[in-house]
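Paired with subunit B in one complex and with subunit C in the other, subunit A is shared by the two complexes that follow.
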Partner chain A sequence: MRAYLMIIANCIKSTFTYRAHILFQILTSALMILVQFFIWRAVFVASPGGIEGAVVRGMSFDQTFLYVSLAAALGVLMRTWTDWDMNGQIRSGDIIMFMFKPADYMKYMFSNSIGFMAGNLISITIPSAIVIFGFFGAPLPGVLNTLFFAFALAGSCTLTFLFDFIIGTTCFWTMSIWGISAGKEVIIAFLSGALIPLGFYPEALRSVMVWLPFPYMYNLPLSILTASKANPLVWAQGIGVQLVWVIVILAASRAYYRYSLRKLTVNGG
Partner chain B sequence: MNKLGFYCRLYALLFAQYVKTRMQYRFDFFISNLTMIATNLAGMASLWILMHNFPLLAGWKYEQLIFIYSFSLMAQTLLQVCFDHIWQLRYHLNTGTFIKYYFKPINSLFYYLSEMVDLKGIGLFVCGAAAFVWSSVRLGIVWTPMRLLALPVLLAGSSLLIASLLLIAACGCFWVKDSYSILAFINSFRDQSRYPMDIYNTAFKAIFTFILPMGFFAFYPARVFLEDSALGWTAWASPVFGAFFFFIAVRIWEKGTKIWGGTGS
Partner chain C sequence: MENLIHLENVSKHFKVLNRREGLGGAFLDLFSRNYRTIKAVDELSLDIARGEIVGFLGPNGAGKSTTIKMMTGVLMPTAGSIVINGMNPFSERVKFVARIGVVFGQRTQLWWELPVRESFKLLKEIYRIPDDVYRANLARFEELVNLQELYGQQVRNLSLGQRMLCDIAASFLHDPSIIFLDEPTIGLDVAVKAQIRRLIRALNEDKNTTIILTTHDVGDVEALCRRIVMIDKGKLIYDGTTAAFGKLFGSYRTLRLMCREGEFDTMDALLPSMREKFAISAIDTQDKENHWYDITIDQDHTKLSDVLSWALNTLPVKDVQIQEIKTESVIAKVYAGGK
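The block that comes next holds the complex of A and B.
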């Protein structure tokens, strides 16, 4: 356990190596939030009731903006490039070094990912949240909402890692990354409600999506955070389903990794 | 003019060679293009979901938004296909391999850019062109000779503008150790440029017109085909902006290649 904690700590430190990076990452994130603000402002202003009074699909402007802007911030938080990292290790052959270490490769990568996310949290997500609440004046969520949100977010981070790991493992077979990784990104973004709250999707599409793991990555934590009425029972249920998905996908990705490892070829040096 | 012909022939030759080497990785080519198309279909589907709940976005309807979106995709093709090597500039500078670009009797920027061609730009262009045709048919846009003439000029202007801004951002690493995050920041404007400028307030509209001119990536030039009324100077300014920023980008590249001192190895 201590070894893995060290990996996490190192990864946080490495986030702060290039401090100028952080500034531009915050700017990138702020731009995304800014554009979302103006898009949703434009459509709500034109709705009956205006920006103050309009409620569309059960969501007010404040709730919708909080949802989409935090979705953008979470997207940055959970981006740890695990799949790209694995691709690099597989292609260079460095992955062989991990086979000799008394550590589990998946746990090692997970620790790495947690460290990366913690670094992102401090350097980008918290500044983004300051922009969202301070600059754009989004209303602060309730205590109970925030508490359940934190639990759901932990599940989202784990799911994100697992999908990254599966894509990374696929590099054993494909030896190329851009296409499959970007493909994963688009599937998650579109089917998780990361771009638009799930409530806005047409009924037919939504009824299919709820059977997939993706809405538990963005829509679950964000709908908990932006709910106007506390509903702990429904939230707990959602987090329960999320946990089931984590277990299922964890088991699947481990089996897939074990199977793919046999495919590993490293050119002798 | 002779020189231009020479560079065009050279680029065609290099392009063909590069395509051959990439064809070794057919799966990658296939999946990358598929992903490129899927990414943009998802982007358009998101717009559709938005407009399924709200009739208009700042006065613009769904088909018009797709028209602007598709214009931005086509304008990004030049950057995607021919300028992809700018993402590697920091590696070449930091490891010292950049030195080789000084050793050929051809323009170093041309030499550098011609070394890599990104074939997923094909998927990008196909997706953009298909959406462009679809939306222009749906909107019943009348293609007068004047408009047919304006389209390539305006597209070229936007293409040059986008590519030049990214090139300028990439050149940052001649001066600082790693300008990746600056490049990524400027790159993110590509995705954000597909919405009408009318959604912004006066201050941000001014910023996105004059300082970080993403309005010229797609919205202002696309308006030429969407509206008949007087459009003002912004509609026609993208070729001027494109040429101006390309000139600046080339000068910055020249300056950068002059001051780069190598790695000493």
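The block that comes next holds the complex of A and C.
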């Protein structure tokens, strides 16, 4: 256990090695927030009632902007490139160095991922939050919202890692994950509510989406954080479903990884 | 002597797709089920005792790496049995790897962006190394190769030689009973090679660590190994002492002669007489398009200097080189009658 905590710590330290990288990440995400601001401003200005009064699909401009800008910040937080890391290790064969260690590769990569997220949190997400709440003056979320959000966020981070890990494992078979990883990004962005609040989707599509794990990656934590009324019962229910998804996908990804590794080590590679 | 490593009739077969030519062929290959089997390792049997340093030799693609991968539990043998440290490396991998160390000359186990110290500390946790063992080992590395000044440096800023020293030290941290070293001196200069050999030999003597060394550098073998195992096309073709092996190829040298432009006819005409005069073992014209002729000389029978001076006086020679005999030629000799 202490070994995995050290991996997390090492990863955070690694993140801070490249100062220019961090600086540009901050600039990029600030720019993204600015873009979101103007896009949604345009949508609301054109709606009946204008920027002040319009309510589109049950959301005011302030709520919508808060949602999408936080979604962007969350996206940066959870981007740890685990799939691309694995892609590189598998293609170069460096993954063999992990096989020589009395440690679990999946746990190792998960620790890596958490370390990266912690680094992202400090270097990018918190500055982004300061911009969103400070500069744009978005209303601060309540204490209860924040508390439930923290739980949901932990689940979201785990789900993000698991999908990355599944895509990374695929590299054992395909030796390249270019297309597959891009596909994953699009599917998650579209079906999770990372780009557009789910309320804006047509009813038919939404009724399908609730049966998928993706909304529990972005929509769940963000809807908790931006809700104007506390609704602990609904939130707890959401987090419960999210937990079920985490368990199911964890089991699936582990089985898939073991099967792939076995295939490789038994048949050669 | 205690038997630490036992390989019995170990084989590893790979299924490889028969690839077709061209773009269309590459497309058809996507659906192809046309495989052939490659015997990367073929019925290999081997016993190694505790504390031995064994050199694995063989040309590229001979099956050395595959053998090492099976011995380290990464690959499962197609047939045969491997018992190392009383364990089956593949089925008991996690338990097994806790007692071995592995260094690949072309890869690193150190964290690229962090000071060397951080990687060592992490290894201490992963292998659960007790404090006193950890400190004693660091002190020993310090005595041998002066690593102190490297600990605080980021790995990406180390030279290849410094990184290799740290990688080797890292693999010894947890007092493994066996260390696998795959080309540890590849691409390093003479001074660093000497340092690395000193480190390996001292650590072998300290802890009686068994060392399996694969290399193309005959110098590594001569400096470290008392025993040589040679593998070619997946088969064991030589297993014996380094001294006996040295007799097999040590006295052979290759004299390379570069012919002057446009005088190949003269060269070709004179070579047979040279062959007769000096009892030359072989003349190889494989590299003739670059004007090189490779002449293999057995120094037990022929003086290299005689051949050289005769060649310089008689033949249309533009340039000369003298080389140690190539691994491939040694293999040919081993096949011819060594075993």
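Observations on the structure shown:
Criterion: the second predicted complex is superposed on the first by the 263 of 269 C-alpha atoms of A that agree within 3 Å, B and C clash if a C-alpha of one lies under 4 Å from a C-alpha of the other, contacts with A are read in each partner's own complex, and residues count from 1 in each chain.
Simple rule for what comes next: a residue touches a chain if its C-beta (ideal position, glycine included) is under 8 Å from a C-beta of that chain, and two chains touch if they have at least 3 such contacts.
Computed from a prediction, not measured in an experiment: that's the story for all the values here.
Using the contact criterion defined above for the overlaid structures, shared-chain residue A:Y259 touches neither subunit B nor subunit C, since it reaches no partner. Residue contacts after overlaying the shared chain place A:F135 against neither subunit B nor subunit C. When the shared chain is aligned, subunit B comes close enough to touch A:A46, but subunit C does not.
Look at A:R2: by the touch rule set out above, it reaches subunit C but stays clear of subunit B.
For subunit A, the partner touching the most residues, choosing from subunit B and subunit C, is B.
Of the two partner chains placed around the shared chain by superposition, subunit B is the only one that A:G179 touches, whereas subunit C remains out of contact. In the superposed model, A:P102 makes contact with subunit C only, not with subunit B. In the superposition on chain A, subunit A positions 18 are in contact with subunit B in one complex as well as with subunit C in the other.
The residues of subunit A lying in touch with subunit B in their complex are 18, 20-25, 27-28, 31-32, 34-35, 38-39, 41-44, 46-47, 56-57, 174, 176, 178-180, 182-183, 185-186, 189-190, 195-196, 200-202. Contacts from subunit B toward subunit A in the complex involve residues 25, 27-28, 30-36, 38-39, 42, 45-46, 49-50, 52-58, 120, 176-178, 180-182, 184-185, 188-189, 192, 195, 198-201, 204.
Partner subunit C is touched in their complex by these residues of subunit A: 2-3, 6-7, 10, 13-14, 17-18, 93-94, 96-97, 99-104, 265-268. Residues of subunit C that touch subunit A in their complex: 12-15, 40, 66, 69, 72-76, 90, 93-95, 97-98, 100, 102, 104, 107-109, 111-114, 118, 121-122, 125-127, 154.
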